[in-house]
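Both complexes below contain subunit A, partnered by subunit B and then by subunit C.
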Partner chain A sequence: MSTHAVATLHQQLRKSFRALADNQRAWNSVLAECAPLLGSLGNLAEQLRALDGVQIARTPLARFPDLRDRLRCKLLQAVDVVLAKLTEKTESLQTVRDAVHGLASAAFQWYEQNADLLDLATCTLRSAAAPSIAELLEWLQDADSYYRQQFLRRRNLLQMLRPDELSELESAANWWASIDSPDGDELISEMLFRVAVFVDSG
Partner chain B sequence: MEGKAPEVRRGHVTGSGRKLKDNAADWHNLALKWDRLNDAGSTYATNIVNFTLQKESGKEASLLASSGGAADAPPVQGLNPSSRELEEECVKLQDVVEKMTRVLSKMEKMASSDQGICALETFQFGDEGRPTPLFHTWSTPHFAAVSSRLCESYRQELSLKRLILQEVAHTSDPQLAMVYLSSWLHQPYTGDGDRLLLEGLLLETGHRPL
Partner chain C sequence: MTSVGVMEKLNLKWLPCDRQDKDTQRCRMGAGLMASLNLRIGSPVLICTSGSACLCRAWPRSDLAEGYLQFDTKCSTQNFSSQTFKHVSFTPQHITPLKCPKLKILKVNVVVKSSVFKKRTAGPLICELVKEMLKHMYVYEKHVVNVSSLDTGIDFVLVENVNSGSTKAGLVTGKTTLDVGAVVTLKQHRSRVQESASTSLGGMEEVYASLKELLLLPLHYPSALKKLGITCPRGVLLIGPPGVGKTMLVRRVVKDIGATLITLNGPVVLGSRPGESEENLRKMFKEAQEASEEGPCVLLIDEIDSLCPKRAGSSSAPENRVVAQLLTLMDGIGTRGFFVTIGATNQPDTLDPAMRRPGRFDREVIIGVPTLTQRKSILTCLSEKMPLCKGLDLCALAEMTTGYVGADLSALCREAALQAIRNAPQEFGEKRIEMHHFHEALKRVQPSCLRSSIGLTDYRPVSWDKIGGLEDVKLKIKQSVEWPMKYPESFIRLGLSRPRGILLYGPPGCAKTTLVKAAATSSHCAFLSVSGADLFSPFVGDSEKALAQLFRQARACSPSIVFLDELDTILGSRGDRRAPHSVQSQLLSVLLNELDGVGLKTVERRGTGEKVCHTEGHIESQHDQKMQYQEVCNKDVMVVAASNRPDALDSALMRPGRLDIMIYVPPPDYESRLAVLQLCTENMPLHSDVCLKEIAIQTDRYSGADLENLCKEAALLTLQQESMEASVIHHKYFVQALQNMKPSLSAQQIDSYQNLFT
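Now for the complex of A and B:
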C-alpha cells in the first residue's frame, strides 16, 4: 500500500532529520573545542623552537645546565597531552560521522526494501509542506558524504602530527582551519531549514 | 594532586605517625598553593614580556601574545606599555616569588621535622630503626628521604624563578623571553617523579584510600 509506505518513510525521514540536527550541533561543538587545542600545539611548538634557538650557555640561564633537556621534556609531554586530547575529539567526530552514516543508510535501506510500493511519481512528488522523498534521501546522502569527507581530512591531519615535527605543529591550526567548509556546513543548515516544516508536521 | 587532602582522622594515629601524617597533608596543600602561585606568576611574567617587547619594537607584541594555550598563561594584547605598568607587573611577580619563598621555607621545615622524627626513632630503637612501619610499608627514613627530595626539587625551581624574575624584564630577545616564560610555566625541575612521590606519601599515610 503506497500511502502507508509513504507515511512510514516520511516518519522515518522526520526522525532522521531531527537526529541530523542534533549531530550537526554535536559536530560543531567538538570543532569549537578543537580550535584552542590546535592553538596550544602551535604555542608549544613555538616554545620548543625558541628553546632550540637560544644558546642557554650564553644567557643568564647558564647556571642551569640541565635546563634545556628538562624543559624540552616538559614541553614534549605537554604536546603529547594536547595530541591525546585531540585524539579524543577525533573519536567524538567519528561518532557523529557514524551516526549520520547510520541515518542515511537506514533510510536508503528502508527505501530499497519497499521500492516496489514507491513508484517514481510518488518519490518525486513534492508539496509546499514537504520536499519529495527523492530530495530528502539525496540530502541525507549529501550530509553523509560531507561528514565522511570532513572526518577523513581532519583525522589524516591529526595522524600526521608528531611531537618533534615543529613546523607541522605550528601549521596545524591553519591546516585545521583550512579544512573548515563553510559551504558544507551551510548546506546542512540549509537542508535542515528546508525540512523544518516537514519535520514539525509529523 | 586535585582537591584538598581528605580530612585527617584525628586520634587515629599518635606520636611520630601523627606528625608524619600531618606533614603529608601539609605537603599536599603546599604543593597546591605553589601551583596556584605559579599560574598567577605566569600571567604576570607574560605581561612583563609583552610590555618589554612592545617597548622594544614599538608595536604590538605579537610573539608572546600567543604564548597562552592549554597549560599556558592567557595572552595579553592591546595594552599600552608604560614604565609604570611594567613596574606594577614586576612588583606582582616579585610578590609571587616572595610567597613561593615562604612556601619553600615551610617545606624545608617539614623536611627537617621528618629528619627529626628519624633521629628520634634511631634514639628510641637504635640504628635498626622501628621494627614495624608506622603505616603500610614505608620506613621512617623513607619519609625523610621523600621530603628532602621534594624540597630539593622546589628549591631548584625557586632558584630558577628568582633568576627569571631578575632577567625577564631586561631581555629584548624574543626567543630568550619565550624560554623564560616557558621555564616559569612548565617548571622543569618539578616533574612527574615528584608528583608520584607526593601521591605515594598521601597513599601511605592514608590521606588517599588505597
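Now for the complex of A and C:
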C-alpha cells in the first residue's frame, strides 16, 4: 500500500518539477521583457520633468498655442501605454505564480490526504536517485513562496506608481531591479538540478 | 510507547533559524520527535515558552538529527521575537500540536512604516496587500505577523481575532474575508508596546479620571461639542511637589487611551544660537500637530517652570522671547489638529502669569503629598510583584510613612527588598520581605518633602516608660497626641477635634523636652523640631519666611508635630514695650497666623478634596473606614511648645484655638522622684544598703535633671574615693553627693508656677 502511495506521489512530484522548470523559463522571459518597459517609463518621467523646467515662452516654439499642455498630454498618454503594457506583463507573471502555487498545493494536498499511508520514516527516506518526499515538498513550497513574494512586491511597486510623482517614476526601474533576488532564482535553478536525476528517472 | 517516553524527557537545543527557512513558518525538529508528537509534515504547532508563543509548521530536519529545535518566528506573540533562546531549554512539552481550520473571517490591525505611506495608500489597497501577504499562512489570535522583509511599507500585521473569536488559530485561504481594523504607524505601535510594561498607579484615581475625560471628550463626542459651539479644554497644568508622580500619571493616561506622547523639556529645547530655542519649540508643536492628525496626542512639557519663568522678573531678552513663543504657540493650537498640552511643575508661583489663564492652561490639577489611604494604595501597587510575607500589614506601614511621596515609597520598597537579599543572598528564590526589612529601610529612606527642612531632627526614640512619674501629664499628652491617631472613630463620634497646640510649662529640668520626644516616638507622626538658632538670621524677613516654610512642610506631611522649644525666647510678647517691631514680634504674628489663619494656599491642597466622613460604612471594611476617619481627624499640624517662662508669652497665643491645652509639668513629688531614681540607677550596680526611698524623701524640690546628676555624682565619688576597680556604689556616696548639691528649684519659684493660671 505504502509503496504504491509513494510511487504515485513520486509520479506527481516529477510532473510538478517538470512544470516548474517551464514556469521558471516563462517567468524569466516575462521579466526580461519588463526591463525595457521600465526603462522607457523612466525616460518619460525625465521628459515630463524637463517639460516642467523649460520656459517655452522664451524659445522659438512660443508661437505654438498650448504647447506645454499638449506635450504633457502626449507624454502622459505614453506613460499610460507603458503602464498598460506592464499590467499585461504582470498578468502573465500572475499566471506563472498561480501555476506554481497550483503545483505545490496539489502535491501537498495529496500528501495530506494520504498521510496515513506515508509514515515519517518513508517520507524522510532518501536515496542516490531520489530526494526524500519531505525535501521535495519543501522545495516545491519554497518555489511557491518565492514566486508569490516576488509577484507581490512587483505588483505593489506598480500599484504605488503615480504619474504626478515624477521622481518615483524615474526611480521605478531601479526599484524593479532591486526586487530581483539572484539568490531566489538560483535557488530554483539549484533545486531543479537536484531533482534532475529524479525527474529523468520516471 | 517506550520511545515516546524517552522523547518526552528529551532536552531540545535551540539553534537559530536557517536562512532558507526564513519567513516560511517552518519549525525544524527530528523526525522521531515529530512521530512521537503525532505530527505530519507541515502540521501547525504552537511553541510556548514562559508567557510567549510562536505558531509554526512542523517539518523534519534535513539531516534527520534529533535533539535540536529551529523555528521561524514570523507569526508569534509580541514579546517573542525579541527574546533569545540560548538559555531556554526546550522540551517536547513546549510544543503543542494545533488544529487549524480554514478561516472564514480574519480581523487584523496593520502597522505601516510611515505616515506618508498611510496617507498615500487607500484602505482597500492595504486590505488587498495584507490579504495577499497572509494567504496560505497559519495565524493565531493576538499574534504578530512580521512582514517587514517584503519591503512593501507594511511592517507588521497584528492578528486581532480569527473566525470572530470562535477559534484560536487557522489557515488563511483565498476565501477568507479580511477585516482591517486600525492602521497605525510603526512609531505609534512601538510606543504602545513599550509603555505596556509600565507599573500601575496608586491613589490617583480621581486625577486620573479627570485627565482621561479631558483627553477623550473631543474623541468621543465631537458632534455634540460642535453643536454646543464650545471648544475643548486644551491645557492642563499639573502642580505638585517632586516625586508625587506627575509625569508618571501622564504617561499612564496616555498609554491607556492609546495616545501619542511627545515630551518637551527645557534643556533640549534651549539652543545657543539666537532664535534656535524658538525654532525648536515650533518644531515640537508642529510634530505634535502632525501626530494629532492620526489620533489623540499629548504634548507633555515637563518642568515647565524652567521654560516659562516670569517675564517681569528676568531681564534676559532671549528668555522672554521663548516665553512669548510658547504662549503664542499654545494659543494657536486650536486652529488645526487637536492635542492636549500638559505642563508639570512643582513651583507654580514662578510661572509666567499669562500662562495660567483659560485658553492656555485651562485646568490646574493639584496633586498633593499622598494621604494615608493614598499611601496605602500606592504601597499595594508597589508591592504587588514583591514577595511579601503573609502577615505584613501595609496599613501600619502606610501609617508610619507620613510625608512620603510615591517616589519615596518606591525607594522604600526597593530598599526593603535589598535588605531581604542582603540578609540571605543564597536562598533568594524563596526569600520573603518582612516587616523588619521595612523598618530597616525606613531608617535609610527619609521622606523627600522633609529633606532640606530646617526642622528635621534625628532624635533617639524615647518610650513613655523611660520617664519616671508624671503620670497625669503623660495621660494628658497621650490624650491630645496619641488618641486622635489611635481612636479617630471615637473622636469623630463625639465631635471632638484634635487640639491645635499644646503648651508644656514648668520649671526647668522637669522632662518637658523628653515628654515631647516620647510623644513623637509613640505616635508615628512626622516630627519637626525648631529652636531659635534655626530661625534667626541677619536678613530682614528671613526668620519669618523660615517659620512659614516650616509650617508649609509640616502641613505637606501631616499628621505632624512641630516642636518649638523655649518658646519664650523665640517669640516674646507684643506687650513688651522695649522692642515693638523686633523679629520676635514678627515671628509671633507668623505663628499666630499659621496656628489659626484664614486658610491654606491652594497649592497646598492634598487628597481628593471631597473627603466627607459618612458614617454609614457599607461595603468598606472596618479598617478602611478607620483609615478614612483618621485622615479626616488628623489633617492638621499640631504645635507643641515648651517654655519655662509662660508669663512672658503673648496672651493671644494662649487662647483656645491656638495653644489650647496648657500642661503644667510640675517638679517631681515623692513617688515620681523614686521612679526617676529607679530609672537613673537601672544601669548602676547599687550596694544592697542603698535605700532609694530615703534619698527620694531627702530630695524635695529636686528636678528630674538634678536627680540624674545626683546619681552620676555618687558614681563618680565611688570611683574617686575607692579605686577605679570599684564595683558597687554605697549609700554613703549618695549622702555625700546630696550634701554637695543644692536643689535647682526654690519653693517660691514653684509657687509662682502653680499660681500662674489660677
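Keep this in mind: the second predicted complex is superposed on the first by the 201 of 202 C-alpha atoms of A that agree within 3 Å, B and C clash if a C-alpha of one lies under 4 Å from a C-alpha of the other, contacts with A are read in each partner's own complex, and residues count from 1 in each chain.
As a working rule, a contact is a pair of C-beta atoms (placed from the backbone, for glycine too) under 8 Å apart; a residue touches a chain by one contact, two chains touch by 3 or more.
All of these numbers come straight from a predicted model, not from anything done at the bench.
> Clash or fit: subunit B and subunit C on subunit A?
Fit.
> A:184 contacts which: subunit B (first), subunit C (second), both, neither?
A:184 sits against neither subunit B nor subunit C.
> Kindly classify A:75 by the partners it touches after superposition: subunit B alone (first), subunit C alone (second), both, or neither?
Touch status of A:75: first partner only.
> In the superposed arrangement, which partner chain does A:44 touch: subunit B (first), subunit C (second), both, or neither?
In the superposition, A:44 contacts subunit B only.
> So in the superposed three-chain picture, is A:156 touching just subunit B, just subunit C, both, or none of them (first/second/both/neither)?
Second partner only.
> Taking the superposition on A as described, I'd like to know which of subunit B and subunit C A:119 touches: first, second, both or neither.
second
> Centred on subunit A, what angle do subunit B and subunit C make, from Cα centres, as a multiple of 10°?
Given the fit on chain A C-alpha atoms, the answer is 120 degrees.
> Looking at the overlay, does A:108 come into contact with subunit B only (first), subunit C only (second), both, or neither?
Touch status of A:108: second partner only.
> Please give the nearest C-alpha separation between subunit B and subunit C in the three-chain superposition, to the whole Å.
Minimum C-alpha separation, subunit B to subunit C: 27 Å.
> In the superposed arrangement, what residues of subunit A touch both subunit B and subunit C?
none
> Give every residue of subunit A touching subunit C within the complex, in rising order.
These residues of subunit A touch subunit C: 101, 105, 108, 111-112, 115, 119-121, 123-124, 133-135, 137-138, 141-142, 145, 148-149, 152-153, 156, 159-160, 187.
> Of all residues in subunit B, which touch subunit A in the complex?
Against subunit A, subunit B makes touches at 63, 66-72, 160, 163, 166-167, 173-176, 178-183, 186-189, 191-192.
> Report the residues of subunit A in contact with subunit B in the complex, numbered from low to high.
For this pair, the touching residues of subunit A are 36-37, 39-40, 42-44, 46-47, 49-51, 53-54, 56, 59-61, 63-64, 67, 70-71, 73-75, 77-78, 81-82, 85.
> Per the contact definition, I'd like the list of subunit C residues that touch subunit A in the complex.
So the residues of subunit C in touch with subunit A come to 20, 23-24, 26, 31, 34-35, 40-42, 59-60, 62, 64, 120-121, 125, 129, 132-133, 135-136, 150-153.
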